[in-house]
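Order of writing sets the labels: A, B and C. Residues in every chain begin at 1.
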Amino acid sequence: MMKKWTLYIFLGAALLALWQYFGSFNQTVRLLVSSPTLSMNYFVENAGSLLHAAQTTLIEAVVGLIIATIFSFAVMILCFYKPGILEFVLPLMVTSQVIPLIVLAPFFIILMGIGLSSKITMAAVMCFFPIFVNFAQGYTTISSNIHELLYIYDAPLSFRIKSVYFPLSMGSIMAGLKISATLAVIGAIVAEFNGAELGLGKNLYLSAKRLEPELMISSLVLATLIGFILFGTIRIIELRTGRKL
Amino acid sequence: MMFVNLDNIGFSYTEGKPVVSGVSFGLKKGETLAVVGASGCGKSTLLRIISGILPQSPHNYLSGKLTVDGQTSDKYRRSGKLAFMFQEPTLMPNLTVRQNIAFPLKIKGMNNNQKVDDLVDAVGLTAFAGYYPSRLSGGMKTRVSLARSFVTDPELLFLDEPFAALDIAWKSRLYRELEKLLEVHNSTVIFVTHDVQEALLLSDDVLVFNSGGGIKSKYKIENEKSISERVNDISGYMSEVYSEYMLPIQDAIMNGDDV
Amino acid sequence: MKSKLIVIILSLTVLLTACPGPQKPETIPSVSLREEWFPSACFAGDMMAMNETGKANMINIKIEAGAEDVDPVKLVIAGSNDFGVAGADRIITANSKGADLVIIGVINFKTPTVFISLKDKNITKPKDFEGKYVGVMTGNNTEYVYRSLIQKSGVAPKKINEVEAPFDLATFIAKAYDVRPAFVYDELVSLDAQGIEYNTIRPEDYGVNFIGPVIFAKREFVEKNKDTVQKFVNALAGGWQAALNNPAQAIEYLKQFDANVDAGRETKSLIKGHDYFIGEDGKPLFLSEQRWNLFVNELIDLKLISSEDGKRNVFDSSFVNNYYKGSK
């Protein structure tokens, strides 16, 4: 374990050193990816506005993820009450995952303007499918014996949903949520690309248009951090609520 | 009047070859019936029919007359007086041993800590009451499943090859535990097994199924020994019942195509 | 005694009702302007109008930022905004599809689009495009300027390798292509900040008559609210004059509008764009009919609009003319 971490740290340091070297002595590299020290200085100088942008993107991603989670749970509960819906809807949902939903971003901007709502909607749309599809798959893997056991004891549907379907699908739901955590950030950023007052996506767009590599690197690092935070939060929830299955 | 009465029961999943056909028998209250036969001959399906699990789909086809305590199987199932022990332990992986045993009570919105504790003790799992199924051995899981079957004081208990995966040592222990539980709860039992010896150790009656899903032969075990007496002296008991029951039953299973 | 009291009360009542009450303050009109782009130097005059000249002209102006996929034309047509900023060719095209918009002021009387190449490429005139890779932003106003430029310069389009130019300036540095379009007060500012040397080809030097962004509104709105529109134009024209005289203040207001703006960069941008914002004859928002007609004819020559569309009355210079008449 220690050996692995030592290797990671060594590799990271080597990459940083290479980056610093080429970023300092090669103008093209510097203009494309800046250097660690320049990026760090830029971050320190502009911490306020960068963190403000990061906060906006974080809010969009988190709210989008929450909405997607609630909506997918609601649809799934509807499917429990009307099983025919799930049979019909699930193949469509699985197939729809091949559509690059990113293309909807400009459409949401037109519908909802460049405020937070279009970004939240994009993030929510990106997250909905993996959560729903994973939940549905988790449900279908519940053994038929358990269904029979519930039937034998005439368990009401509300009990089944609360005490069996949700808990036994939790592993799959969590897997879907972990995928969605990163998709939420991607959705928010891409929507910001298309038009935003504020956000890391807008920073990335402007940094490319205006050749500001330090802004790009700073925004990229913050975006990655947001991804880690969301993923990590889901993982902590998974560990706290999960049982040794 | 028979507690469980089947009159010419037939069943198929779709319009096709029946899985169970022409099954008729009666079972008195408090008796234990074993159903034996070759693999795939419809034994487990029969359990599901009597317990009301089948038919489940409008495409399923059930014929004949079936009553349990004078009611339809579905009505009896809804009364909450039956329990089913599956071939796989079918434990809820997110619940502890204690919670799994209490699960049927939870479904009914009931609470009886004393009864649950007694059942945990009865199957010898007091030290493991807080364990999750992933930490249990196969035998322990089977014991949990067995204890769970009794938590609602079932009048009628179905066991679908419950001890199939266990070795003889575990089986013997569980036979004794089953006997203790039956003494307390006085349930009527219908169980399916591949193991003819097990059928003879545990039951009062044995039905042999043929491969067509019908009854090939019926046997009433005329032996006054209790389960624990039979188990404590297996070889002695088996020699008693060998020629009268063991041989013909095995023969009937081997020649299961003949009706 | 009683009758005397009645007379006094009645007299007082007559007097009071006859006196005019205190003057009600005139309601100050409020209007909104949807910009074409993110908050930047091209908002400078509007920022001055919002904070200073608007008040002086008794009008409240609300500025709303634009973005890549925010379409001021659609928003004004939908009534979400009273005024918008967009390319003039887009207004003519919208009208040809049934909209009835009118241009009331011109922000850049000549197009701020230039064509740049890295210094060492030595591409200094349109003829040098032949045999080179030229980045074109298809569907964008800069594409039309490019087409007009090569047409007027007699450059053979087939001898040019046209590639799609992304918004990403890094591709220019990385020499993914030789030439690309740029705005004088946008991309060039970024290149200057990085110390990158480049050659600039200005379309106006080759007879290209394109104009830059314009301010427009629905004709119906303009006709029903002439007074408000005049106040608005006065505020904006005055705002631009003030901004060009005091760029630091204009950018200060911009920073108040959007704290994320890089004030240093935008000040440089405003100064660099001075010759484009100053307006024809040194009058911000002003464009002569003659210059307008040259622009329209160029659009017709490029077959971007039909001659019927070109004849439509889409440019109303009366408000700007009134401002400059009044300010003499």
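Definition applied: contacts are C-beta pairs under 8 Å (C-beta built on N, C-alpha and C of every residue); 3 or more make two chains touch, one makes a residue touch a chain.
Keep in mind that what you see is a predicted model, and the values were worked out from it rather than measured.
Colleague: How many hops, at fewest, get you from subunit B to subunit C via touching chains?
Modeller: 2
Colleague: If I rank A-B and A-C by number of C-beta contact pairs, which comes first?
Modeller: Comparing A-B with A-C, the pair joined by more C-beta contacts is A-C.
Colleague: Which one chain sits nearest the middle, judging by mean Cα positions?
Modeller: Smallest offset from the overall C-alpha mean is found for A.
Colleague: Could you please state the distance in Å, as a whole number, between where the Cα atoms of subunit B are centred and where those of subunit C are centred?
Modeller: Comparing mean C-alpha positions, subunit C is 85 Å from subunit B.
Colleague: Centroid from C-alpha atoms only, then distance subunit A to subunit B, rounded to Å. What do you get?
Modeller: Spacing between the chain centres: roughly 49 Å.
Colleague: What's the distance between the Cα centroids of subunit A and subunit C, rounded to whole Å?
Modeller: 39
Colleague: Give me the residue numbers in subunit B that touch at least two other chains, ranges are fine.
Modeller: none
Colleague: Which residues, counting only subunit A, touch subunit B once they are in their complex?
Modeller: 143, 145-146, 148-155, 159, 163-164, 167-168, 170, 243-245
Colleague: Residues of subunit C touching subunit A in their complex?
Modeller: Where subunit C meets subunit A, its residues are 38, 65-71, 74, 166-170, 172-174, 186-187, 189-191, 193-194, 196, 258-260.
Colleague: In their complex, what parts of subunit A are in touch with subunit C?
Modeller: Checking each residue of subunit A against subunit C gives 28, 31-32, 49, 52-53, 105-106, 109-110, 113-114, 193-198, 202, 205-206, 208-213.
Colleague: Write out the stretch or stretches of subunit B touching subunit A in their complex.
Modeller: The touching residues are 48, 51-53, 56, 77-78, 80, 82-84, 86, 88, 90, 92-95, 104, 106-108, 132, 134-135, 152.
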